[in-house]
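Once you scroll down, you'll see the structures, which are given as structure tokens.
You will see subunit A twice below: alongside subunit B first, and alongside subunit C after that.
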Partner chain A sequence: TRLADGTPRRSIQLSNIVEQRIFDNNEIISTPKRSRSKLADDADYTPKKSTHKSPGRPRRMSTTGTSTKQKEDAPMTPSQKMKKIRAGELSPSMEQRHQQLDVGHKSQLQLAREQLHVSVVPKSLPCREKEFDNIYSFLEGKIQDQCGGCMYVSGVPGTGKTATVTGVIRTLQRLVEQDKLPAFEFLEINGMRLTEPRQAYVQIYKQLTGKTVSWEHAHSLLEKRFTTPAPRRLTTVLLVDELDILCNRRQDVVYNLLDWPTKSAAHLVVVTIANTMDLPERLLMGKVTSRLGLTRLTFQPYTHKQLQEIVTARLAGSEAFKGEAVQLVARKVAAVSGDARRALDICRRATEIADTGSEPTANAATKCVTMLHVQQALGEMIASAKVQAIKNCSRMEQIFLQAVAAEVTRTGVEETMFHGVYTQIETIATFMGVALPAPGRALNICSKLGAERLIICEHSRNDLFQKILLNVSPDDIHYALRVEGN
Partner chain B sequence: EPEQPPLPSPPRNKYQNARRVLNSAETLNLPGREEQLQELREFFSSHLDTQTSGSLYVSGQPGTGKTACLSMLLRAPEYAQRLQRVYINCTSIASVGAVYKKLCMELQLKPTGRTERDHLEAIQRHLRKAKRMLLLVLDEIDQLSTTRQEVLYTIFEWPALPGARILLVGIANSLDLTDRALMRLNARCELKPRLMHFPPYTKPQIVEIFKSRLAEAQVLDVFPPVTLQLLAAKVSAVSGDVRRALDIGRRVVEIAEQQKCAGEKEFNMKALELDGPPAEETLKPVQVSQVAAVLNKVYGASQNLEEDIEEAFPLQQKLMLCSLVLMLRNERNKDISVGRLHEVYRRVCSKRNILALDQAEFAGTVDLVETRGILRVMRKKEPRLNKVLLQWDEEEVHAALSDKQLIASILSDTACLAK
Partner chain C sequence: MPEAGQEVIKARRFLKDRLQRDYTTLRGYEAERSNVRQLLQRTAEMGESNSLLLIGPRGAGKTTLINSVLTDLLENNAFVDNTLIVHLDGNLHTDDRIALKSITVQMRLENAADGKVFGSFAENLAFLLQCLKAGDKKSKSVVFVLEEFDLFCAHHNQTLLYNLFDVSQSAQAPICVLGVTCRLDVIELLEKRVKSRFSHRQVFLFPSAHQFEEYAALFQELISIPSSKELKSNVDRIDSLELLKSEAFTFQRNHFDSVEYTFDKRFVDNWNKDISKLMKSPTVEKTLKMLYDFDVSQAFLKMFTFRLVAKIKREAPHITAELVAALATQYECDDKVDLLCGLSVLELCLIIAIKHHSTIYDRDPFNFEIVFGRFNKFAKVSSTMQGVERAIVLKAFEHLRIVELIMPLSNSGLGKVQKEFEMHKLALTYGQIQQAVQRYQALPTEVAQWAQSSLI
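This part shows the complex of A and B:
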């Protein structure tokens, strides 16, 4: 069958049951040895993205009929396999673990760490109720009215944009199941997952039908679908993440994605997400901005109170964290970016530090993350490695850095020439009583510091006249060297 | 499969009807564009009567109804007999040269080969001996513009082909595309396209559009005339783009509906207590204040930031912006690199006893502020050398930061600048 490219004999022995079970529901296979090799074959042509998320998918996955037909005709050639993949008849599967991991008793900290993982999206997002209502009423209105429209959602990374939008979609899908809302289709593309803007057509078409076709073909099919009226057309909600990646010079992809909703036959609602608040005015052409409309929503960075609420909601009654520890994380992160992912990551790091804490005698059950652990985690994550790097430089490199700083102070210009720096080195070296390096040696030092990015320098071929810029602040140099001196 | 009966749709109130009718999809009724439609009709019929070719270039700002007018005429039955009609949107072609292929498909021609040239020859053959006149509408024609302009010149030369009978209409936004991009057409008067401009909609026209749309669904009473006048005055003064006007109208209705629902909930709570009969459906027309609120939100881009921002502007970003303003105010050299800004920022922080971010983190902070549109960062080879340009003026920054004390203290602190 389909897996038997290398060793046909063995995989023919595989029972049909295995085959069907793979097709039916992506379940682990019970025969351990065989399944391993079999799935390893599978993994070879696994496309990057798992696609079983889209709601339109399960209908077409019921290909048991074809699979029973397949088992008569033995191994497939690679091109046959490719054909099946492009037709969406083989679902990409991943290799499974040989055995289920034996998860014993988990400590408080481990549980907290799992809960704090960024990928665990809570059922309801705290502190985003207003935005949720806003998007919900927009989409609900569009679905009830059965007309098209666009919305633009913006905000800095980690403020819950995608999570809120998908949360709204999930709520709406639940309403559809309860027959409280007309049914709709949900498609989703992400600009970053596309190698090229036009691949968006391929992805959209793939989510509609499961087939992979070339972008020209996909575009013409989509155009046909959205421009010709069909009486029982469902409303389609299209989520476009990372919109700014889809903008090329011609902006034809963005134009088409936003022009389809204006067709009365399309019933298409496009929700676009990007980071930049003024992207439509900054990057998009006038005609595209006009089509994007004025329904916009901005996600503000989280404040420290909100971050605290988010973390405590995740921990949900666990005793693993001290209250003030959470508060410290929230305040530090809110002062810089208001990024929830960062707060969660720092908290996770703090649990790890607490886990491998200094006192091994302490009972694992009573271990708790305190201010000190958080402080250490913050030090690691918001750390400046520059001072350490300067401290660990060799003596001559330190003198070189001092010389650059001195030359900058002397000339008042940030950009210095190598010969000026070398004169300063001469002075400092004489002052300190160290042997002066030859200019060739000094160039070596210079290029080493340049590779470390402590300074910015040109190629050393124009030796004496190469320009040198300091990449660290002069204060850092003084600080690092003074503390060591004492 | 058993046919499921469609969901019993709940009785729609007037708000929902108004919301649905204010969509920006195609319509058959185009008030405010009578003149242009008349001119287009005259152009078509004069060329139809004399059976001569002609080209036309239609320009205008986005949302002024160019495509709507032409697609209405393309569907008009009076031309169905006498004209073969083709509409091509130039953004939907794969590359500039592929427009011939698309046209061949639309005309159902059979080219001899598969190259661009074969397709072009097939079209020219068709043009020479076509029975009916061809009306070719090329929407968003500026997409066909390249450096050599081969394709555009070829297309605009078709009307002058001996024996060809083609009416060519190009649609684009820019007023002078034909002069700018197609200078050589000026040399021969028969090649030069006739120009036609769609001016932005005026205030009475927008009012007229709203009235006709609302009357279509018999929900004219949702919008009192005063609110319509206000909306139209604002939109026509800013852009005259009817898509925006309809967008704002729809938004107003949505908000009015939400507010009414909230009001009803309270009312019902009271009614429950009183055990009175449920109140009958009454329509509350939208208020001037509601329209004004939406307009302010839409058009006061930076002003309304301040209300959302409040405390949501992270402290380090505030300090960064204040340092930038301080430098711009006091230094003659406005060429500020991230490195220079970072130096000043560190001094500002140390004076205020706040832990300063290091350079790598600081560069990320600058990028986050850039997404708000307050700054622009010009990329250079090294992150430290990136140039920072302030995009707002200081007054706006002050308003956005809304922390007057901090700003005042930093801006008076010129000692941080000097070495």
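This part shows the complex of A and C:
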């Protein structure tokens, strides 16, 4: 009977709160509606239970609704909260620190490290003046003329695409504040921040109004906004980052985003950013490529001179880095990818090494990043740990790797069979005078090496017949084991 | 003497406990540890955003390193108050949807209530990104620990990784992304834009393979009992941990705690004297060398030690060299040979027939009919195997198949081929068959002779 009592009792408790809140505070509560109706259904329970629960009532009365301040603080139910989040009335927040960061005394290296962090975007990007001008004149022209248009910006990661575009937008917004340019709206989406392409509609609509709606609804609202002419419509600049992610098979989202600018009512300027230069021809449909137009801009990878300039601009006259150290970083990174993020990260790591490495000898003021620190950082971050890994394998694992290499040489093909490798192990183990591992143990070793990806192997249920590929070069194996032997 | 017996049982419990549940004690790796520690400390105290990959073979102590660093830092109030720790595991969080819900709950965001997250996947992602974007240097640092990092790389578009690394590279809430994986080439799994956003800090953890002495010393440490002073300091360390009662650390609830153990001083002295005597014996050294040759990781040694410790009994209270050697032989022996020795003579005869077929035709595949023909030739002239019916041989053949001593050529099986005609391959080496024939109990001489040569 106690179990049966559970539900009505709860409903009564809730109903007390509801009544009291509604009648005392005129506050609207959405969720307890259900329990109120339930109360009506279970009317015959009420007298019994209300007498039973009467001691509870005054306590509740005293806790809620005594003052207006408390009413605001009254905890929302999760679904109420969710409703507020969707309406954009509840701004998302992070938990705050208990202690604030001490921004007091900082050493030169620390300052340099902060300046070198990738997130500290400078006001004007060095070495991207030409691209800046290009995008600036395009956007300024479109805003002045109050017509729509598209632009496609491409380049490998870390070459300053997004930073330049947002820099242009910031400059334009400053101009708007000085009344030198008609006002415009700026929206921004990123393909990788969406779970699927159609969520783009939701994000765009959310930036316009702050409300979260379903994508179908958002789509029709946006369609209405961009296709119907309205007086005093502001120009809207839409930045679409990671365009390739928005391309699905039907390409309806990309089509819509690029089709709206062609409408005369829209006043929409779309700037799209992606990595590959030939994305429009390679991935997009003909009609989408046609709408994307031919206003394109390619960001070349940074050369070593430019990288050096970027790093020195960040350091801004601080003495923390030796000139040749920066040059070494720039040259090494430019040779690999020309990625500015990489150069900055390596420099930051070098400051850390300098910070810890020279602690006992030099005093904090004269600490400086030298070539040796940079060299160590480069060794860590452009690391190939394969030789190290082979050196640190157990004896049997090393024999196994040697055996795979030997089998590759014997057969001439890259792909070897466990069976053949095991025969080689027998030979090598006998030659070296070590105990021979049973095939089961050898399979164990094989899967361990496979987990580390020194070799690539199949599932070991294939037993003797699993195929094994060497994932390191045979020279690495010889190098690692020969040098160790001496 | 019952008192001594009690003490031995207590010692066994202590050793087992320490082997299994001591999640925070890390041996070695000084440089790597201080590297990770400084990174986390800078994240918490200066609000720097960072990312790091911890790479090393399985059993190298990657998780233990993180645990030990975190427990170290957790004693520091400045760290506890200013950081949230979010644990994710690629094996549990098999897609971004689940991972995102878990992040939302662990960060105690506003759309989570009592572990239940409201809203769709897209809403959750948008909300999380908004929260992180709203944060700045004043907000708490978040430390994301992604175990089995390579599995996160397999998620759709690598959305989660992109966003985590993107936050770490832009002026938002300070976060630190720690990836833990055993794959050396994990960076190659990242997409180009994700790779560009990852600061290429990698910490490699390799068990040191060069010092056998270290390995032996570790073994000695694992089986000896610390003095009461060391026990006391350990208790203090654990107590300070438990005081924090942080929810993020599930391991603390069930951590090894030496407070329950106090040993008689004379017993400890005797025990440790025994152990150091044991370490000097050549048998033990040879055994350890064998284990060391096979696998240098601490996890493997601990497994061995646990089995060793489990052998301690009231009646046999000492760890002896013979015990160690006897256990080690189990690592050397071949399970498949044991399996072969458990077969019936008929099944062994079939294996021998298969072996003959394989040697003659250089490991060509075979089917039941071929094997049965070869077996029949032997059975006709043998005195023990005459009159075995075909159905029984087929049954024996099927038995060999389900214990996977022989394996069908194609996994699909095609369905069309009758079972007598389906082609198989032999999943044994000839050496194993030879060993089995030698070790088989009460094998008829005829069979043993037939195994030597295929001529009858």
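Simple rule for what comes next: the second predicted complex is superposed on the first by the 409 of 486 C-alpha atoms of A that agree within 3 Å, B and C clash if a C-alpha of one lies under 4 Å from a C-alpha of the other, contacts with A are read in each partner's own complex, and residues count from 1 in each chain.
In this section, a residue touches a chain if its C-beta (ideal position, glycine included) is under 8 Å from a C-beta of that chain, and two chains touch if they have at least 3 such contacts.
Predicted model only: the values in this text are computed from it and were never measured.
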item	value
Clash or fit, subunit B versus subunit C on superposed subunit A	fit
Subunit B versus subunit C as contact partner of A:Val202, first or second or both or neither	second
Partner chain(s) touched by A:Thr430 [first = subunit B, second = subunit C, both, neither]	neither
Contacts of A:Arg395 with subunit B and subunit C, given as first, second, both or neither	second
Touching partner for A:Glu95 - first (subunit B), second (subunit C), both, neither	second
Most subunit A residues touched (candidates subunit B, subunit C)	C
First, second, both or neither for A:Thr228, with subunit B first and subunit C second	neither
First (subunit B), second (subunit C), both or neither touched by A:Val156	both
Touched partner set for A:Arg291, first subunit B, second subunit C, both or neither	first
Which superposed partner A:Asn471 touches (first subunit B, second subunit C, both, neither)	both
First, second, both or neither for A:Asn275, with subunit B first and subunit C second	both
Distance in angstrom between the closest Cα atoms of subunit C and subunit B, superposition on A	5
Footprint overlap on subunit A, where subunit B in one structure and subunit C in the other make contact	156, 275, 337, 382-383, 386, 471
Of subunit A, residues touching subunit B in the complex	137-138, 141, 144-145, 147-149, 154, 156, 179, 182, 216, 219, 223, 250, 252, 255-256, 259, 262-264, 275-278, 281-282, 286-287, 289-291, 293-295, 298, 300-303, 334-338, 382-384, 386, 409, 414, 456, 469, 471-473, 475
Touching residues (chain side subunit A, partner subunit C) in the complex	78-79, 81-82, 85-86, 90-101, 110, 113-114, 117-121, 156-158, 192-196, 199, 202-203, 206, 212, 242, 245, 275, 337, 339, 341-342, 345-346, 348-349, 352, 356, 380-383, 385-386, 388-389, 391-397, 419, 422, 426, 434-435, 437-441, 445, 448, 451-454, 461-465, 471
Complex contact set, residues of subunit B against subunit A	7, 9, 16, 19-20, 23-26, 61-63, 89, 91-92, 94, 140, 143, 173, 241, 243-244, 247-248, 251, 254, 258, 298, 301, 308-309, 311-317, 339-340, 342-343, 346, 357-361, 364-365, 368, 370-373, 381-382, 384-385, 419
Complex contact set, residues of subunit C against subunit A	34, 38, 45-49, 55, 57-58, 78, 81-82, 84, 96, 108-111, 113, 116, 118-119, 121-123, 125-127, 129-132, 134-135, 137-140, 157, 159, 162-163, 166, 169-173, 182-185, 192-193, 195-197, 199-202, 204, 206-209, 290, 292-296, 331-337, 363, 404, 407, 425, 427-429, 431-432
